[in-house]
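Shared between the two complexes below is chain A, which pairs with chain B and chain C, respectively.
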Partner chain A sequence: MNQVLVLCIEDEQEVRDAILRDLEPFAEHFQVEAAETADAAREVLQEALARKDKLGLVLCDHLLPGQSGVDFLVELKKDERTAVARKVLITGQASLEDTVKAVNEAGLDSYIAKPWKREELQEIVVKQLTEFVLGNVEELLPYVSVLDGPRLLEEVGRRKADK
Partner chain B sequence: MTEPTAAASSGGSMTVGRMITLIIALIAFTIPWLINFPGLSPEGHRVLSVFLLAVVLWLTEAIPLHATAVLIIFLLILFISDRALIPLPEEYAPDAVSFGQYFATLADPILMLFLGGFVLANCASKYHLDKNLARVVLRPFGTSPIWIIFGLMLVTAVFSMFMSNTATAATMMAVVLPIIRTLPPGDRLAAGLALSIPFAANLGGIGTPIGTPPNAIAVSAMFEAGYDVGFFDWMMMMLPFVIVVMVAAWLMIGWFFRSDTKEIKLQIDSKFNLEPAAIIFYVTFAVTVLLWMTEALHGMASTMVGFLPVVVLISTGVFTTKDMQSIQWHVLWLMAGGIALGAGVRHSGLDQWMIGLVDWEQVGTLLLVALLSIISIILSTFISNTATANLIVPLGLTLAASSGVAISPVEAGVFIAVSCSLAMALPVSTPPNAIAYSTGVFSTRNMMIMGAMIGVVGWVIFIQFAPLVWDALGLMPEVTPQ
Partner chain C sequence: MTPPPSSAKPCVMLLCTTEPEEVRESLAADLSEAGGHLVSAETVTNTEELRQALQDMEERSTPVPVIIVDDPLRDGVRGGDVLLEIHEDPRYRASRKLLLSEHASLEELTRLLNQGALNTRLKKPCAREELMDAVRRLVTDYIIEQAPGEVEHLAEYFDPRELSHALVASERLRRDLATQLRTVKRSFLSVADLSDMQLEEEMIREFDRVLDQPPRQTFPPDTVMFQQGDTVDRLWIVLDGKVRLTRQAKEKEVVMHMESAGRLIGLLALSQGQTAFYTCCTATELTALTVTPEQLDFALQTSPGLSVYFDTVLIRTLGNRVRRSAELQMEVEDLNSALARERDQLAETLELLRRTQSRLLETEKMATLGLLSAGIAHELNNPISAIQRSADYIAEDLEAILGSCREGSKLAEQLQAAHDARPLPTREERKIRNRLADELSDRTLARRLVTIGIHTRGEYEAFFEGVPREERRERLAMLERVHQLGSGLRNIRSCASRVTGIVKSLRSYARPDEEGPAFEDIHEGLEDTLLLFGHTLRNIQVERRYGDLPKVQCRAAQLNQVWTNLISNAIEAMGEEGTLTIETGADRENEQVHVSIIDTGPGIPEDVQQRIFGLHFTTKQGRVQFGLGMGLSICRQIVTRHGGSIELDSRPGRTCFKVILPVRQPVGGETARADLTPQNPTQDEPQARQRNTQHGGLS
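Here is the complex of A and B:
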């Protein structure tokens, strides 16, 4: 069964747990995975792609051990299998230069500054996943209850007629 | 469930279940080639094999519904047309139907009626006429929950008479969802609001020949049987009872989901699009509906009128080439498959033979009517309403036309079409149900109880009560010689 993957990359365990807690409402409808580094994330991603899952959303810290978050996002943008995934940076320490690179080369969709509020993060996740689902998923109804319902339903109305 | 499981959306992948279904379909197809059924013509045997194949594939959706439809057309051409690959025996060959006639089902007049409806509906959605009208019409209903439910049901039903039930339900749910979010958590009213939409869409679809595909399939088959039921005729017969059942459904929903909430705030900002293209569309829409209603005055058949918006809106560039690609051709082709199958069944005498298997004079009228409608309701609760109509309508009409049966083919057609729309007890019963259910606002149990109650009330009104009124008022169309 093909699922939509939500990938969270954050090296500090406390912060990672906080993000995962905020993502809990989405866990029933999406495959939510977390990784400590870009390398670990790549591994999770390869497994998912091998299962024919799609990458829907990446929530990525910038300062990571090894490859930086922005460089990882740029890499995702260049791979055609993950280019359409929505990309969000969660960070407090990205320089202007890094941020510009993220916008211009990785097609950054949203930026969450640390510390964030639960509602703020969830609102951004809903908005970004709704965009992703509208553009990349055929069957929208399963997501009406968890994402932006009215927007999805309007699209269903445009697409569908009676069977 | 997080992702679609329907075979239709999983592309070419082949699951074990699907493979088994296809093998069963193939076996069903082969049976009439191996076994000789006494009394059935050679052509009848061939159509029977296509019919059995269609039953298996439409019941299981092993391949998309419209794929089955085109397969049917192709098989009929290959096996029983005048250009059949394996020709029919000499004595039957001169009677064979031209292969072109089976292809022509893809542009059957009734499909042109539907095409007109699709073009209007697509434009309505493009210019947000549906959403804006919904808000304007809802305004006078104030803030009292019960009247807002009434307003929602009224708007939904009227839209779904002229547009697809599914598109209407989706648009209206998008209007309702923000209202529901303003309610306190756990308010029963939320479920009432959400349920009112799909039920009104299903019921509204009964109101016109283009309300939902089963109606059109029935009208088309009636026409073949010599009964010309026009747009207005159909509305005259059905609309009064649609209103009765709607009111009953409204009262049931209002009572069942009553709550302490006394006031609902509606967001009613509507801004009508007034650019020239939109105005051309509004005028075309109004003229088309007016012409549909007044067939008796000008004599232009509703199928001919249905082509008017197609021509006008394409010529004026209101309906663009890109818009044309968004037409739901698969729905039209699914209906075409049904029309072709019906034609094949009739021409080969398969219907007569199947109906001859039972001595219907021994079966009372009441039981017969119940049988027709209940089979349709049960089938369409689980499978597509259109596929149900495709399978049942040809047999039902022939049954009604045979001697010793006390119902007319028009009644049989109407009963089957209405029964398909009355099946609304499960989320899978109709696309509008599935859409409403996707919001997660109510439980399956809520939908089952209300859907079954409305289904029963509808059955009593439409199947048992309405025919008495039609007979008394002389609304039943006479046979027109062709």
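Here is the complex of A and C:
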């Protein structure tokens, strides 16, 4: 079965650990991967796409060694295989200019300011992943327990009715 | 001179006159008698004849001791002019010249005398004896001057008594001439001696006399008599009152003459094309004589005296006005130069103010930054200490709890392993995870195992050996939690120590409590600065080539500003990526150290290099911009104050700012002054103490 990939890009190990732990509840249903840089993220993405997995959500820091987070998001938006992925910036240092660029050019879906709270991050992840699976996944039932159950069930009902 | 033949006299005097022949002959006889045995007389009637006669005498080598010219000659030829013309000819220069005239103008006499073309002037009509005496004296003069050797001949021809008489007379004549000259001069001098008022009164009296009391005109005060550019057809001679002469300047009417206007009004207009140069307005009630140009001409022709007065008044009036204009001009010049001086001073002051302001702004900013960062550092110290201490206690407590549990030692081991584990790069972890997932055919299990540090199927089986399958799941969950605890503690500690490092750097960077120059480790300052650059350096490779440096006597906080400026300029210059090299070294012999900040940027253009230390600190959009040249003047100030220098060596691909510092500050050196040190301890301390008590005893 093809999986939905959740990709977290953060260069600081401790911060990355924290994000990953916050993402733990989603690990059962999604493939959660982490990367230090845009380059490393690209590698993960290649492997996933090769397995026919879909990129569902990117949580990305802005200030990274090498390519910046915003530029990487813009790149993802331009690639049709990843254009539909939900994109979230999680950062403490992006300027207004960078953020506007992320919104306008990368279709940024959400912005998480550091330091963040677990509930806040998980809420955003639930919302974004729900949007993603609603639009891009046929089998919704597996996600009911971990994402926005009522919305998913509603959609399941609608789809059944359509058939 | 040859002795004269007894029949003829050796010299000839010539008389040029238009008198009838009988008179001429009688005159010639008289003159010949006066010439005694030496000089005969011949007469001519006009200039041509005179010239011809002189020519003849020249050819016959006959001296002409005396030339007498009657005035006027025919056709209005003036005797003086004839004498002057003859005198021009060097051949006749020695001849004594006598002018017989009824009228002689002062001017003509002066001219003749100054040219030396006149020896005697007799006023017609003159007595026969007077003329003969004069001629005798001139002849005697001539002989004495031209042929001193012939003087004895004079005795031969003149009665010695007569000769001595003649000599005496000659002397007298000379005196007369001098008297005459003095008189001539006096007529001017006498005018010169008169005061303006006397002169003007004389003039007005003469006008009244000649023009028979011309009409008086009276003007009330502030009456415009004529305007600039008006045609003026008369001259006013002011009897009483004053006028104002003004001229229209670009912006206002300028008063040119008041006291200096004088008594003659309408003067310039009359002398220059009839248009008024000034606007003339009465300043007081004014009474004046009115004279038309025709009346003026007539008066001047009729009365030579008036003409002298008028000319003199005219000259004096014009002189006064010229003087006044010159004074005005000088005043304007003085004002102009005073203005120019003031303007220069103002510009200088303005520039100084600007510079001071930008320096103050800089100092102020640095002071604020220093205070703020010191404050923040201080505020962070307490929480971070608490965090660190809590982490330590949690670790201790956990160990104690685990120790009391069943299988606790294994869990404690796991905790320690997680705490001490070196985190793997995401790529390696993923590889291990994928491999294990393949081995176990279970992605989720593989992920959980890798998280707790189990990397192979072998390790997995060894770890859970003897654990019943149904318990394994529960056991794994427990292990995961312990593992998370371990790595959580590790993260808390490493992050806390990072914060501590930043706080320490911030404090030692800003040094709000720095008092005077102390011996400091330059490398520490550089490291503090680098650490605070943090993310800015993420794409820049930093290469440290630190030499062995002695401690340097300096104000560390100020030097940190220098490193900050130089490093941020270097980063800015390199843009996306590059290598920042920091090189230090010591010159022990000269007791100097140097710090070079080298970047691989595009280099600084040569023309900019010249000015770079002078460029002003600027702010852009309210933010401090550390662009090229920004803050460099401040850097140089600080380094100079430390007795050091900054050298710049830039080419494309390598720009090096080399700071050279003496190890010791000269005694009484400038760093003793603390005007760039951004704090006021007495203000700051009570506040800080207050904060301490509020937050309680964790510090």
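Here, the second predicted complex is superposed on the first by the 160 of 163 C-alpha atoms of A that agree within 3 Å, B and C clash if a C-alpha of one lies under 4 Å from a C-alpha of the other, contacts with A are read in each partner's own complex, and residues count from 1 in each chain.
The working rule: a contact is a pair of C-beta atoms (placed from the backbone, for glycine too) under 8 Å apart; a residue touches a chain by one contact, two chains touch by 3 or more.
Please read all numbers here as calculations on a predicted model, not as lab measurements.
Asks: Superposed on chain A, are chain B and chain C clashing or fitting side by side?
Replies: Fit.
Asks: Using the superposed model, measure off the angle between the directions from the CA centre of chain A to chain B and to chain C, in steps of 10°.
Replies: Spelled out: centre of chain A as vertex, angle of 150 degrees.
Asks: Should A:135 be classified as contacting the first partner (chain B), the second (chain C), both, or neither?
Replies: Neither partner.
Asks: Please determine whether it is chain B or chain C that touches the greater number of chain A residues.
Replies: B
Asks: Contacts for A:145 in the overlay, against chain B (first) and chain C (second): which applies, first, second, both or neither?
Replies: It touches chain B, and chain C stays clear.
Asks: Determine, under the contact definition given at the top, whether A:34 touches first (chain B), second (chain C), both, or neither.
Replies: A:34: touches chain C, not chain B.
Asks: When the two structures are overlaid on chain A, which partner does A:17 contact: first (chain B), second (chain C), both, or neither?
Replies: Touch status of A:17: second partner only.
Asks: Classify the contacts of A:93 with the two partner chains as first (chain B alone), second (chain C alone), both, or neither.
Replies: second
Asks: Please give the nearest C-alpha separation between chain B and chain C in the three-chain superposition, to the whole Å.
Replies: Least C-alpha distance after superposition: 10 Å.
Asks: Show which residues of chain A both chain B and chain C reach, each in its own complex.
Replies: Looking at chain A, the two contact sets intersect at 28, 31.
Asks: With touch defined as at the start, can you tell me which chain C residues reach chain A in the complex?
Replies: So the residues of chain C touching chain A come out as 423, 425-427, 430, 443-444, 447, 484, 487-488, 491, 494-495, 535, 538-539.
Asks: Under the touch definition given earlier, write down the residues of chain B that touch chain A in their complex.
Replies: Interface residues on the chain B side: 1-6, 9, 65, 118, 121, 125, 130, 164-171, 173-175, 177-178, 205, 212-213, 326, 328, 331, 334, 384-386, 430-431, 434-435, 438-440.
Asks: Given the complex with chain B, which residues does chain A contribute to the contact?
Replies: Touch residues, chain A against chain B: 1-4, 28-31, 137-139, 141-142, 144-145, 149-151, 153-154, 156-163.
Asks: Using the touch definition from the top, list the residues of chain A that touch chain C in their complex.
Replies: 13-14, 16-18, 21, 27-28, 31, 33-36, 40, 43-44, 63-66, 93
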